[in-house]
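Both complexes shown next keep chain A, but they swap its partner, so chain B is in the first and chain C is in the second.
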Partner chain A sequence: MNGVTAIRALAAKSGVWAVYLAVLLLLPQLFDSILAISIFNQMAIAIVFALSYNMLLGQGGMLSFGHAVYFGLGGFLAVHALLMMENEAVYFSIAFIPLIGGLTGLLAGVFVGSFSTRKAGTVFAMISLGIGELVAASSLIFTGFFGGEAGVSGDRTFGPPLFGMDFFSDVDVYYLAAFWVFLSTLFMYLFTQTPAGRMANAVRDNPERAEFIGYSARWVRFISFCASGMFAGVAGGLFALNYEFLTDENLNLVTSGRVLLMAYIGGLGFFIGPIIGAIVLTLMNFLLSNYTELWLLYLGIMFLLTVLFLPRGFAGFIMMHRLAWLRGRLHTLALPYLLTGLPALLFILCVICLLELSHTAEPELHFLGLTLAQDSVLVWTGLLLFATLGWYLTKKSAPGLRRAWEAANEPEADAAQEQFS
Partner chain B sequence: MSILSMRNLRKNFGATEIIRGVDLDIESGEIHAIIGPNGAGKSTLFHLISGKYSPTAGSIRFNDRQIENLSPFRINRLGIARSFQVTNIFPRLSVFENIRCALLWSSGYGYSFRHLLNRQRALNEETREVLEKIGLAGKAQIPAGEIAYSEQRALELGMAIAGGAELILLDEPVAGMSHSEADNAVRLIRRITEGKTLVMVEHDMNIVFDLADRISVLVYGKVIACGAPAEIRANAQVQEAYLGEAQAHA
Partner chain C sequence: MPEILVFATLNGLVTGLLLFMLASGLTVIFSMMGVLNFAHASFYMLGAYFAYSISLYFGYWTGLIVAPLIVGVLGALVERYGLRRVHQHGHVAELVFTFGLAFLIEEAVQFFWGADTKNYQTPDLLDFPLFTLFGQEFSAYRGFMLAISLGIFIGLYQVLTRSRVGLIIQAAITHPHMVSNLGHNVPLIFTAVFGVGTALAGLAGVIAGPVLTTFPGMALVLGSIVFVIVVIGGLGSLPGAFLASLLIGLLQSYAIAANVGMQDLLDLLGLEFPRSHPLDDLWTLNLAQIAPILPFLLLVLVLIFRPTGLMGKREQ
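Let's turn to the complex of A and B:
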């Protein structure tokens, strides 16, 4: 690579980071409702947490079922720090609270990692599950520290103000969180570019070979594990600042499962994947949980569909189109996508209606401007009919989409001819 | 003077003794081939030297250092690198990353998380040089799992030599290749292992007698003969145990 292209590549990369920073800073200007800010804060926490999880699974090949441990412990320590500030035992800016979370996560990572990273695969997954259960159970036993089922709450407003922010409002917390999200994302990205980060990929791919080029697979895993625990702790610290309240739920298996879903649905193979997953799932959580009690069911179905049809997640789905885009043929896919997508949408909507209809306690279901009576045979058969129709049309148009896909990704016709001549 | 010496080396798997008292000296700078019928323990011997297995008894000395109980990465750091019979690479990393990873430890980066790899000019230059040598410069950015088999074998070789190890162990480097591919591979091996000590396991007798300075014949876990190609060819015991059989098969 010569100097000019190197500078260009660097400029392109810093461009992405500048856009990221700008979006983070502009979001609360564009959407300034209390609800929007509260969603953004949740997203910020989820992004750091999901990225930290991907250091383990996507980059290091370690499937963890207990990542909430580092998130939760970081959060609890952070809340205790807030309490100490309230009791005037210490006095510092709460901007440093995520650092306390990170340090806690790092220490917990060092301790657990010292024995859990010996092996990857099933052994690692089982140890993570065991530790997850153990810490979750302990959180209900050691009530002095964890506050039992009631949890521990603090108050973030006792510290000195920072740049005129007193942290009474969520917007102040958002800007602080945005700073930490940006910093954490940047450092986690840079980590992937270092020898330790690259060897994590190598060990994920083939731990045996890594040992024969001079690296201890265990030590490589341990370093990733500690770094991952640290960033999970930062996310926990942000959580403590945002909610001022932690319970056992923040370090139990439900939270561990949720971060796995976020990273997986977003796409493990891409750095940006967990960010997408965190945003999508946080939005879904907010939007759907207000409308339906079935939203966890939908989340489960979405996870299943992702595993089955988009194994590389949303990010993988987006990146799949790179080749067609480079060849200037992305537009040829629009119509086939529509032809398959619309019937699929019809099918999905009908299934949702059927599910909601069988679940609802009301005599009528209001959905997309329609009023559907629960006891009407016509409604049920109509929905079943439309669902079948949607399914049939989706199936029927799928081969056309596949053909269009292949045509869009084919190498240039003249280039192919050159090969034969 | 010998760079690697094995004394009374033994390896059992349960009740089965695979290596049954091997005494072998590898001279510095030589190309040493280990031949023998299937199941003679050739690969096991490589696994013992490179630390994948630890011996049941006996000793292995490398440059006057006991290495028989060290783990693979420590042995590698001392200067022994190896390739594998079955292609053993990092399939999801690019060809370039595969070679660069193989260079990292010997270039002194260790487990650093302070250096950004793309900024390490000397390291990247060296990676490109290795890629040129093994003829994969044109495939640098392709995931290693997606290149052709013979190219993966070349990559495997490249990873073995990249770290600048003194002693290189090649386990059937041309297995599964066509004649022309094998010829290319032999030329490649000659070129990239110049000035190094090379121990190889190989089934193709043409290649063995062409490349090797000395040959050891391993039969049922024992070295039954060791010497220059001409001596081995003339050895009656070897004829009976192995070469005659191999020729009968051919």
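Let's turn to the complex of A and C:
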């Protein structure tokens, strides 16, 4: 596949891209509160970061536990660029700051990738873990550059204004971020269509065969790795612009783990998966962390359930219904889904109530318009009873859902045969 | 100088043998199932927390016995209902699963026990100095830790090499299908080994809890180091894990004890650098500062130059 066909493939989907661009541009018009804008900015950063991670794990089959290194290094260099601008050492528009982050990520990727991409699998994962811990620990030692525990902060308003935007407010940053998100998404999509991107898939699935047809698996991995590092750096640069502040947490295992969560929950095999994951997790982070201290516990449970039951993530779950939809049988699934889903929802809500009730410091818990007293035996037994009921009904209706699912996905030929016999 | 050396060696041995209790389980689990269990150190943390709760009611010694058993049962359940299910989706899914499990256990520990540090104490029976050397005391509890870890190492080695069960396990590591054809229940062996491995991690947590403090981050502190040991020792090699544990334990202990830094090196070379240079941090580094990153440096170097590790046979 050459560049022309890649662009042709893009043109075929130009409608999707136009919608994407329109959504990006219209969001701050529809929700213009300061809070909403700050969430959108977080989402924008998360989308680029998660997509860059998917380039590695989803498309290249390289499980990394140190992807925050490229994000963080990009961010730190970007903050230092802001500082240099403040000290009048350089003068350029801050629209280029993500580019500095990207270049840093690319350089770090070239360096680390030169020795870590020899093998995929466990060796690669371990090297990425080692590098991640190494850089995170070094960031606390070299306080001159990384600022130690306090971090480094800059100021984004010293550059020249761009199109009348002086970047004092978050909305200005949002438009800049939206531009970079669109550009990065576009380029990352185009990358999947290039020979390098296609070979990355081949090497992921079977490195031996890829070598037989004359490609160096290591070289293919290296290219993906560098590109992925670069886009992670762009995300880091955006982070630096948005928060004007970076700490060692931005390059340690916590951030690396978070991006793995995002990409995995969203769905690794699909280009749109990490975007879904980034949006869902940012929203969850924001919505849940305001209401409950336990949101990280829920996140952990959700992540494990995703790994256990939806190995292809949310995007995979949605795409599972493609066949049934194409055959025009999607509606037959609605009732079975409802029959299993409602008891499951009851079970989940009861469990959440129980968890919150046992954790809350207040005597009463307000949840979904209900007031539950913590010291009431009735509330506890009631919740336990409803939870058991929900669990029992879910278990009982699950086989029905499975049968309906199989019927909806049955090939047409079989259905035709049944008519004849 | 000699007293520093002696105490650094003793402390290094205590740390190293403690690390080995974690690493031994991890490396055996890896060689059998091919999965690096990210949550292994989380079971170590669970051991410490269970033992703490039990010690509040029944004393330290009950906790020492019961807590590892609880952790072992939990581990076996995780293998049976979690890992075995994910196994069909491949190694990446397994790694990601254990990674998520580590995350979840940390949150669960905070849910049940809170985010603060627990006042988990050494038992009164062992609260005396074992001996005094060069005016410094070596506590009896550290001696106890040393004894337990050594006992576990010898016991484990004997079981694996001398007993029938050990022979079957060794066979199942290399030829699971053949062992299965001979009529042994290989999945059951896997579950049992996972349970025993996590129980060992739990035991390590019980004895380390009072010394290394019991707090929700304790799994994270040790987790990556244990990984480093298993990789450096050679994935799946028990003697390798033993060597690497001692190596890492001693290395860190010596690095902290040694009072040398870049300044000494520069003095030796007769070089001098101006102060307040951007690279100032580099010239003022000393060995104690970089002690935490030494294992990871070693890990990366080993993986680049000898991916099989010190004593590993195969490259993963």
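We take it that the second predicted complex is superposed on the first by the 401 of 421 C-alpha atoms of A that agree within 3 Å, B and C clash if a C-alpha of one lies under 4 Å from a C-alpha of the other, contacts with A are read in each partner's own complex, and residues count from 1 in each chain.
Throughout what follows, a residue touches a chain if its C-beta (ideal position, glycine included) is under 8 Å from a C-beta of that chain, and two chains touch if they have at least 3 such contacts.
Since the structure is predicted, the reported quantities are computational estimates derived from the model, not experimental observations.
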First, second, both or neither for A:220, with chain B first and chain C second: first
Which of chain B and chain C A:211 touches, first, second, both or neither: first
Touched partner set for A:202, first chain B, second chain C, both or neither: first
Touching partner for A:300 - first (chain B), second (chain C), both, neither: second
Touching partner for A:193 - first (chain B), second (chain C), both, neither: first
Contacts of A:29 with chain B and chain C, given as first, second, both or neither: neither
Touching both chain B and chain C, residues of chain A: none
Chain A-touching residues of chain B, taken from the complex the two chains share: 50-52, 71-73, 76-77, 81-82, 84, 88-93, 97, 100-102, 104-106, 109-118, 159, 162-163
Complex contact set, residues of chain A against chain C: 57, 61, 63, 65, 115, 119, 121-123, 125-127, 129-131, 133-134, 137-138, 141-145, 253, 257, 260-261, 264, 294, 296-297, 299-301, 303-304, 307-308, 311, 355, 359
Complex interface listing, chain A residues touching chain B: 190-191, 193-199, 201-202, 204-206, 208-216, 219-220, 223, 227
Touch list for chain C against partner chain A, complex: 36, 82, 85-86, 89, 91-93, 95-97, 99-101, 103-104, 107-108, 110-111, 220, 224, 227-228, 231, 235, 278-282, 285, 289-290, 292-293, 296-297, 299-300, 303-304, 307, 315-316
